[in-house]
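For reference, the structure discussed in these notes is given below.
Chain lettering (A, B and C) follows the sequence in which the chains are written, and residue indices restart at 1 in each chain.
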Amino acid sequence: MIRFRNVVKSYGPVRAVDGVDLGIDPGELCVLIGPSGCGKSTLLRTVNRMVEPDSGEVFVDGRPVRAHPPEGLRRRIGYVIQSVGLFPHMTVGDNVAVVPRLLGMDKTALSRRVGEMLELVGLAPSWSARWPRELSGGEAQRVGVARALAADPPILLMDEPFGSVDPLTRVRLQREFLAIQRRLHKTVLFVTHDVEEAIRLADRIAVMRSGRILRHAGPEEFVASDAESFVGEFLGLEYGVEILSRRSVREVLRPVGPEESGGEGPGDGAPAVRADASLKEALGLMAARKVECLAVHGTDGRRIGALRMEDVLGTWKACP
Amino acid sequence: MNRESAVERAGGRALRREGGPGWLVPALLLGILVLSVLRFDLLETVLGIRPRGLLVSRIPLWELALQHLGLVAASSAVAVPLALALGIAAVRFSGSGLRALLVAAGSAAETFPSAAVLALAVPLAGFGFAPTFLALSLYGMLPVLHNTIAGLEGVPEAAVDAARGMGMKPRQVLARVQLPLALPVILAGVRTSVVINTAAATLGAAMGAGGLGLPIISGIRSFDTALILRGAIPSALLALFGDATLRRLEDRARRAAGGTSGGT
Amino acid sequence: MSVDWITLAGAAGGFLSAALLPFLSLRPNRILEGVPRGLLESLGPGAGIVLGALSAAGVLAVLRGRRPGLDAPGALLSGAGLAALLPLAGAAAGRLAGGSPVARVSAGSGLWLAAAGLGVALFSFTRRLPSRSPARIASLLAVPASAAAAGLAGLLDDLSLVRELAARGSTFAAELARHLTLAGGSAALGAGIGIPLGLAMYRRPRWRGAISVAVSAAQVVPTLSLLGLLIVPMAALGAAVPVLGRLGVRGVGWAPAFTVLSLYALLPIAGNTFAALGAVDPGILDAARGMGMSRRQVFLRVQAPLALPVILAGIRTAFTANMGNAILAALVGGGGLGTLVFLGLAQAAPDLILLGALSTAALALAADRVLALAFRGAVPRGIRTEDS
């Protein structure tokens, strides 16, 4: 869906993007990660021609982006940035309606669309009459996402969209965005420097440094990275634990039937974890309570199974 | 409403950049000013003009310049400390309503034209030095008062909080943290005040206070362009010199304040 | 609730000044030296109203420390006292003039300071009342209402300023009109040129340095000096090109005044326009471009509306400043209210000076308020601030 072929962009003597080849499949969420100044934002901005490469080619849907006039191209690509960039002189509704209006959508369809989009990001349609200055950081970023999705673009470019909100809100926004992405299957290019965020969201991760892509792979594949290499060092030794946040307890729990009582299952005093918690949270609870076995509760609070440490970590070698 | 726009600051920066580092621009302006006051006849020779009026020519230009300078200096010497004290009091005792009163009265008074203030002083204080001095002292307080309040209130909350947390008394917080950090903004107010008063003092000539406005007004009345230039050029230079000098002081204060004090 | 020291100080100062300083001043004719008249001499029993209002305001300012809820009576009392001053002074003027049509009775320092003390009290008491409370509205309306009523009833006819105005009626109207045309027209011209200039400055970085230096220099150079410096080339131009000379371009008259005032308005407006466009958050412009707006759309739909409040504030400042600076037009024979001021200075006639200066100041204040209200509607609601 998006393909970079040997893309180069220099600013003076600095090569911000230094020969990038990268492909992103339709419906894939690709996270570009790297330290500040590695060229990830520049690379992202070549897709909607906010930055024109010095050489190389960017393709969208098989056609070079150079073949499209920039405005038309941008209207078909959603764009979310860290500073959100809501227009303070327009209501929330008018902000969301900007691109559909540029594309000439008629009034009734427009107001319906605005309502749908606000609901999609978890805001009541009545919010459309509010002003951006009345919104909290998290709310503003939700509106930013709604605005980017309003014209139903197949592609979404997100440049550290959740970078300026507090950690709790960030995690909530990430969850909500994942839920939206599971419904809409956009092709997303997502820039961040936050490893946890990349692990939570990415279908594939591309690690960048000094304008080059060092490695491009699925999140699970990075577990085996050499700790001495830049990639391993940047992702950190805790990556092996962080990656557990991608899977939920439900996927690995041992179901407890009514017939199975006592015996090997955890006793009534065992700490309990909800089935929709991540394995990372479950491991955290085990470490905190110094137990290797947890009870698993359903959303209704009834026990539905048990979880042992080896279920979380898989099989491992004895000390070599 | 602040008197100084962002552009004016940008202009100041451009002036400084073009003028090279430090005190070169003020020094240059001072040199030309002194030269123009002492040897204005050189310029007149170049332009091939001479004032016809014998009336004013009898008072030497340097004497008019000193009158002008004295008027501005005397009124600023009254206005600046008074306004500073009022501004500090307004911020220290903001609960008392003093701040609200001063801000409301100050912003209304800033709308008041300086020429009207000067004219109104005549029925109160008669002709001569006194009414102009009175008007300039009162009018010159406004920008200093405005900027003192804005500067003190613009000091980052965190700095004041940290100072209090380290055990400083309110007086110490004011003297060691708030005033140094607000100084660039306060000095900008002083500069505005001096510039406004230098301009208003030219009008003082119409009230009998003398100064560099005298040749301008006499020249206009007698259609004598050479006489007009005798007042207009040195008074313009005097204002530019005052502005440039105080800008340098402001820059130093801004650097001393860590360059963080943006303010108004 | 605490004692209101500001009001107490204002009321006490007003009380002492009213009691001790000359309240009115009587001149046998418009240029002779005035004879001071004390409060009792001037108002007779009416003095009680003035002193009563001032002392009541002071007492209430102290008592509110112990008994809350005294702000409303305080506001009403000081409002009533202030409203009473003008009719009382007007009536007293009639008595003091004693039927002489040329005698002039004007306010003395006692009257001004008593009014200032009551004004401070009125401001402090009303400030603490809710904005729509009846006591606040009533006390704030009392002063203009009583002034209008007293004026219509002829009660103020014997005050010196009104006598001066009556004597100059037609001249005053003509100069007022001239003043408005001169100040308003030049500011409008300044805006007409200044906004495009600011835009050009923003678009072409090469022009920036020169224009911003000119902007700051023009704000530093005294108005009168600039006027003087411009007269010289204007006179030369008018003499060299006779057509222009016949149109009014010469060293004296409206042309140099109009030019200087336009220049005075133009530069800050250009500067504000440039600064306003540059101050728009780059993140917002990036978002606008990234959403597919063309350059024109980014400018018209995002940047210009966001810069508008600052641009309008610049225009408002320029109009207000021009209303005051237009006084100087009279120096070069350009007419306007300055004519009255300079004539008054030449004749040593204080009433004429007051008439010219006060009406100019009133025009400046009015221009400021009217434009603030007018522009408020033009600013998009999402970026409106309370202060404008």
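Here, contacts are C-beta pairs under 8 Å (C-beta built on N, C-alpha and C of every residue); 3 or more make two chains touch, one makes a residue touch a chain.
Bear in mind the structure is a predicted one, so any value in this text is a computation, not a measurement.
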item	value
Common touching chains of subunit C and subunit B	none
Pair of chains ranked first by number of touching C-beta pairs	B-C
Farthest chain relative to subunit B (centres taken as mean CA coordinates)	A
Approximate Å spacing (C-alpha centroids) for the pair subunit B, subunit C	21
Where subunit A and subunit B are represented by their mean Cα positions, the distance between them in whole Å	57
Inter-chain centre distance, subunit A versus subunit C - centres from mean C-alpha coordinates, in Å	58
Interface hub residues of subunit B, defined as touching at least two other chains	none
Subunit B to subunit C touching residues, read off their complex	1, 5-8, 10-12, 14-15, 17-18, 95-98, 100-101, 104, 108, 111-117, 119-120, 122-124, 127, 195, 198-203, 206-207, 212-213, 216-217, 219-220, 223, 225, 228-229, 231-233, 235-236, 239-240, 243
Residue ranges of subunit C touching subunit B (in the complex, touch as defined)	2, 4-7, 106, 109, 120, 123-124, 127, 208-209, 212-217, 219-229, 231-232, 235, 251-252, 268, 270-272, 274-275, 278-279, 313-314, 316-317, 320-321, 323-325, 327-328, 331-332, 338, 341-342, 344-345, 348, 350-351, 353-354, 356-358, 360-361, 364-365, 368
Of all residues in subunit A, those that touch subunit C in their complex	48, 50, 70-76, 79, 81-91, 98-99, 102, 131-133, 147, 157
Contacting residues of subunit C [partner subunit A, same complex]	281, 283-294, 297, 302, 305-306, 380-383
